[in-house]
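Both complexes below contain chain A, partnered by chain B and then by chain C.
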Partner chain A sequence: MRTTRLLALAAAAALTVGLGATGTAVASGSPSPAPAAAEPVVFTVGMLGDIDSANPFTGIAAESYEIFQLEYPTLTEYASSDFSIVPGLAESWEESADKTTWTYKIRSGVTWSDGTPLTAKDVEYTFNRVLNGEYEQTNYGSYVENIAKVEATDDTTVVFTVSKPSPIMEKLYVYILPQHIWKDIDEKAVTSYKNEGTPKEPTVGGGAFVMVERKVGQYIRMQANDNYYGGRPAVDEIVYRIYKNEDALGQALKAGEIDFAEGLNANVAKSLEGVEGITTVSAVYSGFDEIAFNVGAALDDGTAIGDGNPLLEDVKLRQALQWAVDRQALVDKVLGGGGSAGSTVIPPIYADLHLEPANAFGYDPEKAKALLDDAGYAEGPDGVRVDSEGNELRFRLFSRSDSPTSQKSSEFVKSYFEAVGVAIDLKVVSEDALIEIVGQGNFDMFEWGWVVEPDPNYQLSTFTCANRSYKDGEDIYANLSDSFYCDEEYDSLFEKQSVETDSAARAEIVKQMQQKLYDDSPYLVTFYYDNYEAYRSDRFTGFVPQPDPDGALLFQYGTWSYESIKPVVKAEQGETGAPAASESGVNWPVIIGIGALVVVAGLVGALLARGRNKDIDSDDRE
Partner chain B sequence: MSAPVVPPADAAGAPDPARRSPRAITRARRRASAARFWAQFRRNRSGMTGLAVLAVFALAAVFAPVFFDRSSLDVTQATGLPFEPPSWEFPLGTDDVGRSVLALVVWGARISLVVGLAATVISMVIGTTIGIASGHYRGWFGGALDRLTDWFLVIPFLPLAIVLATVLGRSLLNIIIVIGVTSWPGTARLIRAQTLTVESRPYLERSRALGASNTHQMTRHVLPNVMPLVLANTTLAVSISILSETTLSFLGLGDPTTVSWGSILEQAFSSGAISQGAWWYLGAPGVCVVLVVLAFNLMGRAIEDILDPREA
Partner chain C sequence: MSVLPDIATVPVREHPRTGTWSSPTLRYVVGRVLSAFGTLVFVVLFNFFLFRVMPGDPISLYTRGRAMDQDQLRALRSQLNAPLGQQLLEYLTNPFAGGVDSIRFNEPVWEVISPRVPATLLLVGTATVIATLVGVWLGIRSGWNRGGRFDKVSTSTTLVLYSMPEFWFGMIILIVFSVQLGWFPVGGLSTPGTDLGTPAGWLDVAWHLVLPVTTLAVIYFAEYSLIMRASILEERSQEYVQTARAKGLMDSVVRRRHAVPNALLPTMTLVFLNLGFVIGGAITIEYVFSIDGLGSLTVVALQGPDVPLLQALFLLFSAAVIVANLVADLLYGWFDPRVRT
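And then the complex of A and B:
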C-alpha cells in the first residue's frame, strides 16, 4: 500500500541530543499496584486511529485488522521470529504433486467462543462466501483469484483446487468466520453489518479475544476467549483507547492511563525514554522512502506520455546520483536515528527476502562526479552539468506537503545532488496532486514511500511494464508503477516468482529482481523507517517482537504479544508505592524563554505607552 | 499643517524666488519640507526607536552573506548537533538538523522584509488607485469600485489568502501577490475618504471649471494631497504584511525552498521543538517578527503625527 506517512513519523526530526539539556526530568506517577487475583487483568492500549469497521468484510484500517486477527483464526500465520509461514488453524498443508490442489488439515476438537465446534465446514463456508460474493471480494479477492473450488472432505480436511500454482496458497490471510452466525447475514445485510458485540452478547470468534463493546471514536473492549485453540491468554481484557495526537498519547502512558502506546513519533518517544516504569521501542518497520526517477513515462502499451526530462532515462546518470546521497545522514537527521539506510525495495525486516546488494552504492560524491564526467556530463559555466548537446542536468523534485519528513529529506537530497553539479527545482505539492502528476508522467523525480507486505508480490508488481499508466477513452489513469520502469527480463522474473511455490527458490528470484532494480535504479531508496512504541514495563511483561529481536510489539502480522503478555507480579516489581511524586519536573529553559518574551512584550508596551503620552503632550502643545 | 500645501516662506533661503523656474521652486519646497519632517521626526523618540531597530534588521538582511555564508543554510552542511541550546558557537542555538538558528534568522530577515515590503507596495498601489478612483468618479463606476472594496473588506483575510496561496502554488512571488491583493481594501477605504475631502475643496472646483481632465485632477491635485496618508499607512501596512507572511509560511503555504521567519517557526513546530523544550528555535524568529512589526508601527505612528494627513 502507498503510505500516507504518518505525520507522527514525519515529525521524527533529529533529536539525538538535548534531552538532558532541556531538563525535562519528569518523575513518573507511582505505578498502580498489580491487580489482585480476583480482579480481571486489563491491558489498555492507546492508539491514534479508530477502527473503521468491526466487520471483516468492510474494515480496511490497520486498527481494524488488529481486531480481526484477534477475533478470527487464519489457516496459516506469519511467525513472530522471521515472518516464516507457521501453522494457524491448519496443522499442516500440502500441494499436490501435479500442483492443482492444496490440502489443508484443520486442528481437531476446536470450538468457537460460544462452544459450537469449529470445523473444516466453517473454512469451506468462509472461502465460498468470498468466492461467490461480490462485496466479500473487496478485502479478500486477491487471495482467492486462482482458487477454482473449495471443499471440506471431512471435519478436518479442506481441499482447494487451483487454476494455476501460486505461492499465495500458503498465505491465505482470510479470516475464518463461524458459519452458524454468518449464514444468517445475507449478501445485502453484510454490507451494513456492524459485528461489534455487546457485554451480554460478545461476537463469536475463534481467535484469542472476542469483542464486547465499542464506542465510536473512544474505545473498543475485547474479552479473552476461553475456547481459543492456542490456550486462553493471561490477559482477561484488552481495551483500545483512541487518542487524538501523539503528545496526548505519551502523556496518557506517563500518567498510567494506558499500558501501551502505539504509533508515537520520535520526539514523544524520546521524551518517554528513561521515565521509570516505561520502556520505549524503536521497532523496525516494513516501510521505506525513496526518490523515484521518471525513467521514461509511458502507457502500458509503450506510448510515451508526460514531460519528464529525457536525460533521466540514462541509467548511468541515475547510478551516479545514487552515490551522491548520504543515506545515514538522512536517517540521523530526518528520522532522528529511528531507521536504517535504504538499499532495495524489500526492507531488511523480511530477512529471507531482502537482498543486501554486494555492489552497494555508498556515499561518495567524488565518485558520483567521476561517474558523471565519464557519462559525458561535463560541468557547465554556472556549475550545473550539461550533456553533449548542452542540455542542463536540471530536474524537478516533487515532495509532499502532507509530510514534513518528505520535505526535509527532499531538501537534503537537493543539496546532495547540487553538490555534484545536478540542479534541482524543489516543488512541494499535496499527495493527492502528486498521484495525479506521477500518473501522467509529468515529473522528473519525487519523494514518497511504500509499506511492504510479507509477501513481496505486490511490491514487485509496481515495477512491471503492465502496471504503467493506462488509457481509458481519452483519459490517462495512474496504475501501480510510479517510475515507469519497464524491463523484459524483470517482467519474466516477476512471472516466474508469482508461480514459484517453493519459498527458497522464490526468495532467490525475488533477490535477483531486487538486484536488477538496484542496478537499473528507477528508485533511490533513502531509508527504512522505524515505528515507535512504548509500554508500562512495570505492569506488563512478555512482549514478543516481530521480527525478533527489534520488531514491533503490537500491530504485527499475528497476535503474538497479546497471547503471551503477563501482568508483572508485585514481588518482581520491587519497591512499589513510591509517593506520587510531582507529575512534571520544572522545565527551566521554557520558563526562561517565556520570561524573555514577557520582558520583550513589556518593553514594547512601555515604549508604546511612552509614545502615546508624548503624542498627547505634543497634541496639547499644538 | 501639511507639507505640500503650506508654502515655505523662505525655507531655501533663495534671495530671489522670482528668478527660478517653477520646477526649481517645487524642488526647493520639497527639500525644505523633507528637512522639516526629518527635524520633527528626530525629536519623536518612539519613531527614532523604530527606525533604529529597523536599521539593525535591514543591515543584517543586506549583509547576511557577509555574516553567514550561504552554506550555513544547507542542511547537509550543518555543523552543530540537533537542538543545541545557545552557546558561544551558536548564540541562538541550533535547529533540528544542527544549523545555527542565528544564521537562519538573519537570512530569514531578507525574505520576510522583502515579502513585507513588496506585498505592501502592491497593496498600496491597488489601494490608492481604487481609493482615489472611487472617490473621484461619483457615478456607477465609483460605486462599483466602492462595492468591490466592501466585498474584499468583508471576506475574512486568512481563508481568502489560504485559498489563493493553494491555487497559485507555493512560491515567493505568489505569496507576495497573495498578501498584496488581499490586504488593499483598508487602504482603499482610507484613501477614498481623504479623496472626498480633497475633492470638496474650492481649488478643485476651480480646476474643474478651467477644464482639467479627470486624470489631471486625480494625479495633480488629489494624489499629492493624499500622499502623506499613503506614506503613513504604508509604514503601518508593512507590519501587517510581515505578519501575514509569517502566518502563511507557518501554515505551510510559503515558499518551501526559502528561509523566512514564518518558515523557521513552521519547521520548529513540526520538528517538535516544543516537546524538546527548544525555546530558542521558536523564540528567535518570534521575537524578530515582534520587533520588526513594532518598529514599523512606531515609525508609522510618528510619521502620522508629523504629517497629520487627516488635518490637511
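And then the complex of A and C:
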C-alpha cells in the first residue's frame, strides 16, 4: 500500500513539475512584453467584449468603434481637451453664407496604408456609398439625412450640398474608406464582408493603425500605419485581448499579461489601487442613470396607450418626488463614490452644453412632503398619500435584472419615495422585457440610463412627441421616447437647435431644452457614473484624457492616447521592467495562506472520512 | 451440404453472448435509434415553440441608442415576425439557420457557432479523458481496499474537491498559478500572434489549456471516482468474485478480469451522459479562464436575448445529449448482454 501511495505522490509531483516546466519554457519562448532594443513595442489592452464586426457598415459594439477609429480617418475630430471640433483628415471647412453648401479642404499628400493616394475622391466615394446604400445607412444614416449631394471638385476639395442647415455637418463621424478597396465590394457583398486583416494582408486604412489579425472571441492585433497623416505612433502594435469577467481582467493586469484594463467594475478597480506599477483611473463618463416617469403613454399620433397610473401626469407630483431623493447618497452607496449627483440629461462631461440648473432640486424630504400636501395629496390612513378622489399614490417601479446597479438604486429610490408617503411596488425584469413593457406604456416608473454622444441631437430627440411609440400594422413598438414626454415648446426648440449651425447659439437652445426637461421632470436623473480604467504605469506613459483632466484614457471619441503613449524609458526598465508576475511579484504569504487553507480542508475531510469509515467498517464486520 | 441445413432448420434459441449481434440485438438497436430519433424530433419542435412564446423585444433593445428609422427596424424585425408557418418551415429545412441571422453578430447562426466548437471540444474533451482515467483508477484502488489508508486519503480528498464551487476554485487556481507564480496565462487560448499551424503554436495552446483543463478535470474526476468506488464495493461482495478467489486466482487478476469489467458499467453511463454535455461547454470554466467556447457564447446569447442564436445553441446541446445517450445505450447493450434481451 505504501509503495502505491508514494508512487501516486511521485506521479503527481512529476506532473506538476512537468507542467510548470512546459509553462515556463513556452513563456520564455513567447514574445516578451518587456521591449528590448529591436523588439516591437506592443501595447496590450484587455477588454470585456469582442468586436461584433470589423466591417464599419456592420459593427455597432463600442469595441468595434474603437477599432474603426484607429483604422479610418474622419473629416473632423473631437478634441481631447473638451470635445470641441478640430481638424481631422480635413484641415479646414466652411459653411457657405447662404447655408446651402459646406466646403471641406482635405489634407494634401496623404496616402492610404498601402501607398495609394488618399484624396477627396475617397471622401466623395464614402459619402455617396452611405447616401445610396440602404445597408450602409444603418450606421451612418443620421449623418447624411440633410446631405443632398457630395462632390469632389479637385483632389483636396469636397463640397456637400445640404437640403437644410445642420450642425452635424461639422461633425460628420463617418469613417472614410479607400475607394480602390471598397469599390469591389458591392451592396450585396458588403452585408457579409468581414474586413478582417491578416498578417499577410492587413486591412487598408488611413488611420493610425490597421488590423493584422483577428481571432474571434480571443484577440485583435493592430499594426502602426507608417503612412498615417498624423505621424507614425510610437507604439508598433496594439493587441486587444478579450476577458470574460472583470476579475480575470484585473488579474491579467496584475500578472502583466495586459498593459491596460478597460471597463473594470468598482470592486476590481479598488483592489488594484496601490498595487506597484499600476495606476487606476476613475474617469468621468458620458452616461447617466434615471428614474423615468410615465407622463402619459401615447402613440406618436396622440392615441393613449398602456396602463400607466394617470396620477404621474401631474407635474407637481413629479417635482415633489425630485426633492425626495438623496442623489449624493446614491453615488456614495450604489456607485461606491465613482460618479456625481445627476441633474440634466446632457452630462457635465460636455461642459459647453451641460446646464447646471439654477433652481436645483436638492435633497429635502420635508419640502417634498410640503409640496405633496400643497398639490392635494393628503396622507391616507396607512401612511400612503391619496388624491382628492381617494386614489393611492402607489406606483410600479421596474428595475433591470441585467444590472446590479439598477436594482440597488431602485431599492434606495423606493425607500426615499416611501419616506414621503408614496408607495412603490418594485419589479425586476430583463432589459428586453422592459423595453417592450415601456414601449406599450405598461409602467409607472423604471430605472435605466443613456450614454450621451458629443452631439446632443440624439439624446434630445428622445423627448419629442414624434418619437413616442408607433403602430406597425396591429403591433405597437417602442420608439426612442420612454417617458412619453410631449411638449409643443420643447419640440419647436428641438427643431431650432437641429438647424442652428452656430455652436454657441445652439448651446444656448440646448440649455433651454435641458431646463425645460428639468422643470417638467419626465426624468429624475439620479447620477452620472464613472468609467474605471487601470494601466501599467511602469510600462507606458503619455496617456491623454478626454476630457481634460479626469476623462477616459481609451475608448474616447478619437484616438488621442494611442497616438501619444510611449514605453517607459529603459533606465527605469532595468529596475521595474521585469515581467511583473514571475520573480518580483510573487506574494508568498498569499500562496502559503491558500496552501494552508487547502491542507486544513483536507485534514478536516480526512478526519470526517475516517470517522465515517469506522462506522461503516464496524457495521460491515458483524 | 450436410451440416449447415440441419442447424438452420433446428430452431435453436441463440444464447446472447457478449460481443455478438443477434436478432434481439438488432431489435434493441433499432428500438434505441428510433426512440432517440423520436426524442430529437420532439426537441426540435419544442425548441421552436419555446422561443416563440418568450416575451420581450430584442430588436428594440439592440438598436437602443442608435439612430435608425422605422423602415430599418421593420426590416430587422421582418425575419422574427414572419408568419409562424413560414418560420416553422424554414426552421425545419435548416434548424441552424432558418433564414435568420444572429441579432448580435449579424451573421448566420452556424457561422457564429462553428468557430467556437473546437475550443470547447478541446477543453472539455481533454478534461473528460483525464478525469475518466484518473477517476476510474482512483475509484478501483480505493474501493478494492476499502478502509485502507489510500482509500481514506483519496476519498476525503475527492469529497473536498467534489464539493468545491467551480468559480471559486477556478479563481483560486488562476490567482495562484497565473498571477502569483506567473507560470500560466490568465486567459485565452493562445498568445496573440502565435501561428497555430506550428508545433510551437500547439505547445502554446497546450500551455494555455493547462489550468482550465486541470480545474475541470479535478471537478469531474471526483464524481467518477466516487461512483467507481461504489460499484467496485458492490461487485467485491458478489458471489462470483468469491468463486474466483476460491479458485485460487491472484487478487489482482480477480480485480482486473472479474470485478472491474462489471463495475465499469455505471461509470461508463455517467461518462457518456457527461459527454453529451461536453458540447455545452463548461460555462463557468470558460468564463473564469476567458475561453471563447460554446459555454461563453451561450452567456452572450442570453444577454438580449439573441433569440436565433440561443435557439440554435439549445438545439445543438439537446441533440448532443440525445446522440451521446444513444451511443451509451448501444455500447451498454454491447457490454452487458442482459440489457438486450
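Things worth noting here:
Following the convention adopted for this analysis, the second predicted complex is superposed on the first by the 538 of 622 C-alpha atoms of A that agree within 3 Å, B and C clash if a C-alpha of one lies under 4 Å from a C-alpha of the other, contacts with A are read in each partner's own complex, and residues count from 1 in each chain.
Following the convention adopted for this analysis, a residue touches a chain if its C-beta (ideal position, glycine included) is under 8 Å from a C-beta of that chain, and two chains touch if they have at least 3 such contacts.
For clarity, every value in this text was computed on a predicted model and none was experimentally measured.
When the two complexes are overlaid on their common chain A, residue A:Glu213 makes contact with chain C while staying clear of chain B. When the two structures are aligned on the shared chain, A:Ala255 is found in touch with chain C, with no touch to chain B. Contacts of A:Tyr243 after superposition on the shared chain: chain C is touched, whereas chain B is not. Judged by the touch definition given at the top, the superposed model places A:Glu411 against chain B, while chain C stays out of reach. Contact comparison for chain A: of chain B and chain C, C touches the greater number of residues. With both structures placed on the common chain, the touch criterion links A:Ser271 to chain B but leaves chain C unconnected. By the touch criterion defined above, A:Gln546 reaches neither chain B nor chain C.
When the shared chain is aligned, chain B comes close enough to touch A:Ala419, but chain C does not. Annotation: chain A residues 19, 22-24, 247, 587, 590, 594, 601, 608, 610 touch chain B in one complex and chain C in the other.
Touching chain A in their complex are the following residues of chain C: 55-58, 60-62, 64-70, 72-74, 77, 81, 104-107, 115-116, 141, 145-153, 155-157, 159-160, 171-172, 174-176, 178-194, 200, 203-204, 206-207, 210, 214, 286-292, 296-297, 299, 303-305.
Listed in rising order, the residues of chain B touching chain A in the complex are 44-47, 49, 74-78, 81-85, 96-98, 170, 252, 256-257, 270-272, 275-280, 282-283, 286-287, 290-291, 294, 298, 301-302, 305. Those residues of chain A that touch chain C in the complex are listed here as 1-2, 4-5, 8, 19-20, 22-24, 26-27, 29-31, 44, 50, 52-53, 58, 60, 137-139, 141-142, 192, 213, 215-219, 221, 239, 241-245, 247-248, 251-252, 254-257, 402, 430-433, 435-436, 439, 450-451, 458, 470, 472, 475, 477-479, 579, 581-582, 585-587, 590-591, 594, 601-602, 605-606, 608-610, 613, 616-617.
Listed in rising order, the residues of chain A touching chain B in the complex are 10-11, 13-19, 21-24, 247, 265-268, 270-271, 326, 329, 333-334, 336, 399, 401, 404, 407-408, 411-412, 415-416, 419, 426, 428, 587, 589-590, 592-594, 596-597, 600-601, 604, 607-608, 610-611, 614-615, 618.
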